[in-house]
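What follows is a pair of complexes built around subunit A, which joins subunit B in one and subunit C in the other.
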Partner chain A sequence: MQLLLNALIAGSFAALLASGLSLVYGVLGIFNMALGQLALVGGLTTWWLVSILSLPLPLAIAGGILITALTTWFGFEFFVAPYYRRHRFLPLVTTIAFSMILDGLILVIFHQEPKTIDVGTRTLLPVFDALISSQQIVLIVLTILFLALLTWVLVKTAFGRRIRATVQHPTAAESLGIRSSLLHRIVFIVSGVLAGFAGIYVGIDQNLTPTIGFAITIKAYAAIIAGGKDSMKGTILCAYLIALLEQLSIGLPWFGSYIPSGYQSTVALLVIILVLLIKPQGLFGSKTRIA
Partner chain B sequence: MKKALSLLSLIFALSACGAKTETIRIGYIGPLTGDAVSYGVDTLNGAKIAVDEVNAAGGVNGVKVELIAEDSKCNGADSASATQKLVNVDKVVAIIGGQCSSETLAAAPIAEAGKVVVISPISSSPDITTAGDYIFRVYPSDALKGKALAAYFLKANFTKVAIISENTDFCQGIRSSVKKDLPPGVKIVFDENVDPGTKDYRTLMTRLKDIDFDVFITNGQSDATVAEMAKQLRALGMKQQMVGTDTADSATLGQIAKEAVEGLKPLSVPMLSEADVAAADFAKTFRDRHGEPKATMFFAALAHDATRVLLQEIGKAGSGEALKDALYAVKDFTGIAGTFHFDANGDVVGIPLAMKEFVNGMLRQSEIIPVE
Partner chain C sequence: MNYLLHILTMIGLSIPNILGYNLIFGRGKFLHFGPIATSLFSSYAMFLTLRETGNYLSAFFVGLLASLLLSSFFAWLALRLESDALGILTIAMHLALLSVVLNWSSLTRGALGLPQIPRITGMLSLPVFASVSIVIALLWIFFMVRVHRSWLGRELSALAENRAHAEALGINRARVTLSAFLIGGLGATITNTLYPQYIGLLHPNDYQFSNLIFFILCVVAGGPGSVRGVVISIVLLTSLQELIRFLPLPLGLIGPMRLLFFGLILIIAVYIRRKEIFPMQRSV
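And then the complex of A and B:
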């Protein structure tokens, strides 16, 4: 039971990042390599608003998200918009440049010490035979609600229909009066906001060091590749699945003995490779892009 | 084109100027970014103060000293390239550094080949003892920590030890030292290794919860990871005593892990005794210039002393083999951190260990453990 809860905690974080990644890939057809850094921007600015300006937490989170959204918007205008229509691999390079610039700025502004967003003392609640802190429950529930809302918007609303139309045929969609460039902008910023939430998530649950940016981007990539690059639901499910695999691989005895914990992520990634061998488009992927 | 050419010649002229100014160059390597940054910042600032003191007093034999700092990110690969640069490009006389043990161990063969003396302020892995003739350190080896912990376990009547170690040279050094000196009747009931930088210990803690243990060793490479071990252990309701190593000896740890590290006992070097006039002076200079230390003032003091003893001997012996021999011959150098000399392996003699404890989020010294 505890392992399941652990997987929920770790998976929610990966799901937040991966869903943003998947959304941008699904709609714009590009990969954003600066996502981990955007998560740091969200986490660290929130930390700053809470610890230095001593704002109440909800206000700080709103502020942190706003700054992340602005940073993402800036990133889109300068590092993505001019290039992504020419070739879809160009932004791969430009967003790496963006991530390095952000890395540098984060180091200069926030220095290097690990930081944690202070949310007061943790109360531990027993769930069956497991323990979870009240903050973790809030984090998990909010994440799932948030992701559910996002999926609902995409699938059920007129706005979502417009996005999907743009994906299927940008020119046709434009001719019907859908402003695809505006939609792209919005989608990109939403992915940054998701990353910002992910950063706040780690900041509250664990701690933030300026160098984790790239490492957390990789986690999200594992989820999106296993889930199918273009299926957001698949990506989200896989984020949780990978987290669960990581927990199960070392948390339970296999054939009488435990796998050394150093192999935690190796085991999970091996499983992904096996999945891809059997189903190259990912667990939930389809052969064409449909967002 | 003309403009570009004249600019180019200007750059050449300037660089020629740079080469002409006579300074004694010494290098610094340490983690200036990343999880272990607290140790890097403190030791670099300590070394800077030492260099400034010497320069203010006229330099070494009238020649100014220049400190070139490189970020080696607490890992061997970055340290190796930093050392290459310092030895082959900057042509430094000696290097203060390697803070993380991985850094010092990776720097050792390169420095050894270039006959450049390395003095590590705070690396503690037992392997450094035999890393090379040119490799010195002013920090007690972890080989001594196993013995100190063994004595502590016996005294506190702990017989079942749990340990989680990061897979780095420093942490593995501690781990093997603990295993080697385990007293009879005490056994290790949980022994897991994790990738460097791991922050998610929940699975391991879930397993640990079902195991009967008396004491947990937070064998992480940095305060950032030790914080997560402590937080996630306490989050599952385990109340056992925690013992840390030098990496838990950090003021930052108290701030980021809060009540989770309450009562945690880091086994490390002593606190800087500010009753001592020289130490109080140094601490004041440090605080005036750099604020509170990120880890401990003692680390800064060790880096300061390493730099001072190095510059003193450069003044007498110059560089290369002569400098190395001079350092082995040093008799009782009185620094800020203590009075010490080096043994035949370049290990320090005279800096003791100490057990500390987090009380109300602050580090308190509980006892000094002399080492032979």
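And then the complex of A and C:
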């Protein structure tokens, strides 16, 4: 049971990141390699507002999200917009440059020490034979609400219909008056905001080490590739599935002995490798012509 | 004088691996982010064998075999996957191998690395080591110029520009892709036979993701597919990387400043070379 709860906690974090990534890939057809660093921007600026400026937590979270949104917007204008219409693979290289610059700035400003967002005393609650903190319950519930809201916006609102129209046929959507460039900006910023929330999530639940940006990005990619690049539901489901696999791989004895916890992150990487080799379009992706 | 020799050695050691990568990423336009994974796999296979046998020749062949095997695997992936999936999977392979090296301490000594890597007899002094690495680099440059001008270079360019047209003209995609990746693997083996000998240590920190960024930077800044341009960018960027150590900055700031600096150079280089990195198809 504890392993299931741990998977739910880790999966919620990965689902937040991966859903934004999936949205960006679906609409713009590009990958953002600086997503992990954007998560760190959200988490670390919230930590700074809480710990250094002593702001109340809700205000600090709002401030952290605002700074992440502005950073993402800046990233889009300088590292994505001039390139993605020329070739959709160019942003893969330019966002690597963006991630390096963010990594450098984060290390200069916040240094290497891990940071935890202080939310007061943690109360542990028993669930069957496992334990979960009240903060973790709030984080999981908020994540599910966020993802439900995102799905509702995409499926039920006029804005969501515009997004889906742009994904299905960008030229036809533009000819019907949909401003795709504005839509691209909004979608990219939304993915950054979701990453910012994910960073705050880690900062509250565990701690934020300024050097983990790239590992976070790869974790989100594992979910999007396993789920299918064109399937947000598949991506979210696979985020939880990979988290469960990670927990099971190190939490249970295999052939009489436990796998060292250092290998935990390798599970997500192995999932990417296996899925791409066996079903390159992902477990829930539609079959498209591949190279 | 010793410092100049050190920079020359570092330039000479970088050239085989980066020029090999230039053939794959620069000329062939494969979104391959696994050259450091190949280097890591090859060097650990080589120097673990050396530790067990004490024989450099057999260790070299084991390292070469490991490098060629992983390169063949990457070539197979390049034939099977879309470009962006290839990029992600090669990064995943890199991180997975690094994780194994860091966690399998009983074999690899984990984060401590393998110390006391002996130099080949006759290459003990810095001037000799620098001379050998420069001669090898010059030979490799000559070889790569020939490769780029050969059928392989031309067929790689044709496939990169329009795969369907190139295959319709009879170009064997599997042969060309495999050849390019194997040459890249050979370059990685040459560099990684010499580099751990030079510093006397095989350490996982030398195979981190930041090293890949340096490779991409050299290829993009020099002009993707251009041997002369990439050699010039290796000379300038390696010298710059070494000179950053002498900036009057606190010790903890040198690493972050290097990230900032090279990130800025990379985005400027991509902006200047944006038409060449992934060129649009010509229309008739």
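Simple rule for what comes next: the second predicted complex is superposed on the first by the 261 of 291 C-alpha atoms of A that agree within 3 Å, B and C clash if a C-alpha of one lies under 4 Å from a C-alpha of the other, contacts with A are read in each partner's own complex, and residues count from 1 in each chain.
Basically, contacts are C-beta pairs under 8 Å (C-beta built on N, C-alpha and C of every residue); 3 or more make two chains touch, one makes a residue touch a chain.
Note that the coordinates shown come from a computational prediction; the quantities given were computed from them, not determined experimentally.
J.: On the A-aligned overlay, A:L3 touches which partner chain: subunit B = first, subunit C = second, or both, or neither?
T.: first
J.: Just checking: does A:I218 make contact with subunit B only, subunit C only, both, or neither of them? Give me first, second, both or neither.
T.: Second partner only.
J.: Please work out whether A:L124 is in contact with subunit B alone, subunit C alone, both, or neither, and reply first, second, both or neither.
T.: In the superposition, A:L124 contacts subunit B only.
J.: A:Y258 in the overlay: touching subunit B, subunit C, both, or neither? Say first, second, both or neither.
T.: So A:Y258 only meets subunit B here.
J.: Identify the partner contact of A:L182: answer first if only subunit B is touched, second if only subunit C is, both if each is, neither if none is.
T.: neither
J.: Who does A:E113 touch here: subunit B (first), subunit C (second), both, or neither?
T.: first
J.: Quick check for you: in the superposed arrangement, does A:E246 touch first (subunit B), second (subunit C), both or neither?
T.: A:E246: touches subunit B, not subunit C.
J.: Touch test for A:L90: subunit B only (first), subunit C only (second), both, or neither?
T.: Touch status of A:L90: second partner only.
J.: Across the two complexes, what residues of subunit A are contacted by subunit B and by subunit C?
T.: In subunit A, residues 107, 111-112, 215, 260, 262, 265 are touched by subunit B and also by subunit C.
J.: Which of the residues in subunit A come into contact with subunit C in the complex?
T.: Those in contact with subunit C are residues 31, 78-79, 82-83, 86-90, 92-94, 96-101, 103-105, 107-108, 111-112, 214-215, 218, 221-222, 225, 260, 262-263, 265-266, 269-270, 272-273, 276-277, 280, 290-291.
J.: Could you list, by residue number, the parts of subunit B that touch subunit A in their complex?
T.: Answer in residue numbers: 32-35, 37-38, 41, 73, 164, 167, 192-195, 197, 199-200, 202-204, 206-207, 209, 222-224, 227-228, 231, 235-237, 252, 256-259, 294.
J.: Over in the complex, which subunit C residues touch subunit A? Could you list them?
T.: Touch residues, subunit C against subunit A: 31, 77-85, 87-89, 91-93, 95-96, 99-100, 102-103, 163, 209, 213, 216, 220, 252-253, 255-264, 266-267, 270-271, 274-275, 277-278, 280.
J.: Show which residues of subunit A lie in contact with subunit B when the two form their complex.
T.: Residues in contact with subunit B: 2-3, 6, 9-10, 107, 111-116, 118, 121-122, 124, 130-131, 133, 202, 206-207, 209-212, 215, 246-247, 250-251, 258, 260-262, 264-265.
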